[in-house]
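By letter and in written order, the chains are A, B, C and D; residue numbering begins at 1 in each of them.
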């Protein structure tokens, strides 16, 4: 049984809280939020102690691990606090908006020997994991091409866009991680082309809402990613991997298996309305992996180094958006 | 908040217990099983009082409703106890192995004005409910033909088969209920042909393991049901409704959306290994409906009368298996 | 190179004519129709001699084989003429509206040692043939259940219905043949329930437009067939075979692979508007089989006996519609 | 009725010959090939005059139009001869291996007022045309992203690769044309990344066998194309168009609708073994369009200018493979 505290009782925090409360091997001991009322609300619902002071949470006598789901700019601070306290940590991406700070933080945590996991939840998508298993089994031979589609239903509020870091760091970064994870090798360069078609004001912030990205991997294999902020048809995520002897696809998921036929037409269910509907089970599976690793001592499947690596690709992709050419990808050592 | 007790802490009881514990509007107060240790195990896990004495459960000062998931032969007794105590009840099918007893019991409960629901969980299958909504909306016009497929992965233990009442009463009965529910009208006759191909010993018990059933509804519409005890490919359930202007299908569900392609072939996920994997969410939705109706006073979607009606079809179908002709269906008034 | 004549230059005759003209190993020598102008029109288009006198066609010095696509009541006469002339024949179903006459005719042809094939074109549907190959390979084990769906887009003209012989003889007969062919064994009994929902006037002719049929095969395996004259969504044909170790399906075919997604919905192509759009390639494949067998001496895959056998099932099914019970199926020897 | 001659009686020529012979509005008058025996063989089969002298073919008193399917280096010569003779022409791509020569040739033909069509057969793929119609109808709103997949089953012979002009000019060019056609606007720049994974010797010729291409269109919309020479699973072609209000896909086509289920798995048909199996109907439809336009005077859907434009993209893409940056696309005026 792991005693786990939650930092951040906002939108995602409340979903994490529900998962913590439901997990049979978790004792959900405390919840911390700078807005005490939010912490109290969540704490009351699940019988966890509420606080607005993170120091109360990083106490190894009360807590085995902390789940950090607070605002992006606080992640590094909490990670360092976990390192200082010797408490394991599962932290949402990114480690820090600045790649340099992210690297420093990851090194700090590593130096303290504290177990830390980055919250790349999409790795815990059941279908993506099944696809990864097919690739790993060698069933499609050597990987030569990956295609990843990442499309959101509608443009987020411009206030969010402004502080998001841009489409590469905010949206594409999940798929940079998936590409590395599935292919099992690092990218050497990235080219990104973007456009602001969904809302021209996005261009005023120097950002894009539709982009086409190409990675070249160490093996020579190529990766194509398309990212869109607005589909008009819901949330769409799919992955395709071409190998030397076959292909495997984690196809777009419809929300039901009901099909209607009328004259000359078939009518099926569509996509999920938003990413959350698709992603909810991934958070459950992610937490389960975290807890299982804590209990068995097995290494996490997603480390802080993974967080740093994906972030480095996002930096290079952001440069490429401006330069119009393929940019080399750094691989910071952690 | 509804205070609910569970009767029956066996295989299905333990699933119901988990649902009761997880439901936000349920206070899971007590669990009763003739084997006290089973009751204690479940009670301890979820913080419910354990007992082997049903009388402790039918106490309106402690309990608002009871979920009956005990052995089939005890259902009628518990339903009558609920009626006597004035406690609402959700009871697994059948009401009683004997149709006459079932009718008497349903009348007894009705006479006491107690709210009672039959556990036809498949009505709460998300896809089937979506299909039903399409039919009800008139999108496919007037119903002319239903096709229902009910196929289990492998023959249950012969000990189970012996006491099951036969394929019509044990397996097909769920689909008799679905047919009535979807079409919204009653059957007037039923023809059933059966065979024991999966295990010839089933024939020795006068039972069948593969059957083809035809219902004629009051409107003249027809229903085809195929029931198999053994598929070799997992659990398969599907429904198709043909109307005067179109068709709607609740198609077979694959366990993932991963597709692999090799030379000349595609490889997809298959069916669920067994009925439980498909059915688990239906029990959650069923309980949610029960609780919501208790809280709002809305009528249940599945009444004891529905349980009686489906059972009457199963009786007629069992007669038809022997007579080789279409048998009239009774509609006992409750 | 086979010299082939066509009898019947009507609707289907003109499709057969196009196939005869296009086949590389066929010399389309003559076309015969009681309406000479129709014969002339077809003959001119494809360079075949036109006549209204069948005697000119049954001339082994000019013709190796005859394709009979004339009206149903003339089939037996032409089959006997082919037998007398010693000319091979491919004849559309049925051999004769009367089962007795059909049996007599088949025996007559057999006695003359003339090669004759019945035009059960659906056996030459590419997907159905692939399904049959899977069954024959033993991949799904022993057959326990077949499901066949045969649904037309709209009720044919009542004038046609009146003389069609009824839904069993006119529509279901193709699927009786498919069931025998796929299972590789004979039915012992048939139950049919029917209703006239699409057009009540059909009931006045003692016919039905929607029916649910159950066959019991010699092995104990069961067959379900659903036949509808009106779908509202086009022509729908599908087959499913359940075996002891798996299942194989010749699924409904959509007319394209284009899929559109809008908010909450997917939109696919639908079914073919009518049976002809689906069936056209089967006539080409059927002719090809006929010609190949003529050239190699191999036996036809569909004999007159097959025609008689399917017709005998249709007779029993027609009796069952009235009797409300399973009727035994005769197996006339040819 | 159009009198049409064929130049080129090789592999593709023989398919064109069969289409010419089968088209009801075509009089297939002559076939020309430098290897007279090949011309004779085809001519004999279809009753067309055979010659090795192109001059006999460009004779407006005998021929209304010429279909050029000869080797690539002869296209320009035959196009100019058609211009000189005033004979309409359908010419396979490219107009000439040299873009400059192609532009000159197209201008020459235009200056002579001769009707000329480029053989971009994939525009006549039934599904792609249906997708185009959905886009044109505005059903998915403004186009923001296209994804095109072009994958061949196995690496062509190295002798072919050597003289092919490279993957951009040989394979991708068809999809450059499809992108222009579907989007209805021109590209302004192209980025291409390539790799030789299927056969390293391809790199020795300065070519690639796997590539990821990004086009930026005038509207700001983006296009992703992935090209592979070897799939291991057959020929794979698909198109996806994302618009502002929805998405439409011309999905990968399986060769049948047969599905088999075994324990935990579904088994479907796969892709076509090669491009020809998929493309054959497009040649028939392409010829039909050509003939219909000749008969009605309607403009061709694919002009020589289209051929030039696609070729200009291929040139820029080939430059980008080397430069590692997005290259501007020229739009030569014809």
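FYI, contacts are C-beta pairs under 8 Å (C-beta built on N, C-alpha and C of every residue); 3 or more make two chains touch, one makes a residue touch a chain.
These figures come from a predicted structure and were not determined experimentally.
Along touching chains only, what is the step distance from chain A to chain C?
The fewest steps needed to get from chain A to chain C is 1.
For chain C and chain D, which third chains touch each of them?
Output, common partners of chain C and chain D: A, B.
With contacts counted as defined, which of the two, B-C or A-B, has more C-beta pairs across the interface?
Counting C-beta pairs in contact for B-C and A-B gives the edge to B-C.
Computing the C-alpha centre of each chain, which chain sits at the greatest distance from chain C?
Checked the centroid distances; the maximum from chain C is A.
Between chain B and chain D, what is the separation of their C-alpha centroids in Å?
Using C-alpha averages as centres, the distance is 58 Å.
Just give me the whole-number Å value for how far the CA centre of chain A lies from that of chain B.
Centre-to-centre distance between chain A and chain B: 40 Å.
Where in chain D do residues touch at least two different other chains?
In chain D, residues 140, 231-233, 236, 245-247, 261-263, 269 touch at least two other chains, as defined above.
Chain B touches which residues of chain D in the complex?
Answer in residue numbers: 231-234, 236, 254-255, 261-271, 273.
Per the contact definition, I'd like the list of chain D residues that touch chain C in the complex.
Touching chain C from chain D are residues 22, 126-127, 130-131, 134, 139-140, 245-253, 256-263, 269.
Please give the residue numbers of chain D that touch chain A in the complex, ascending.
Residues of chain D touching chain A: 140-142, 144-145, 147, 149, 151, 189, 191, 193-198, 210-212, 214, 216, 219-224, 226, 228, 230-233, 236, 242-247, 323-326.
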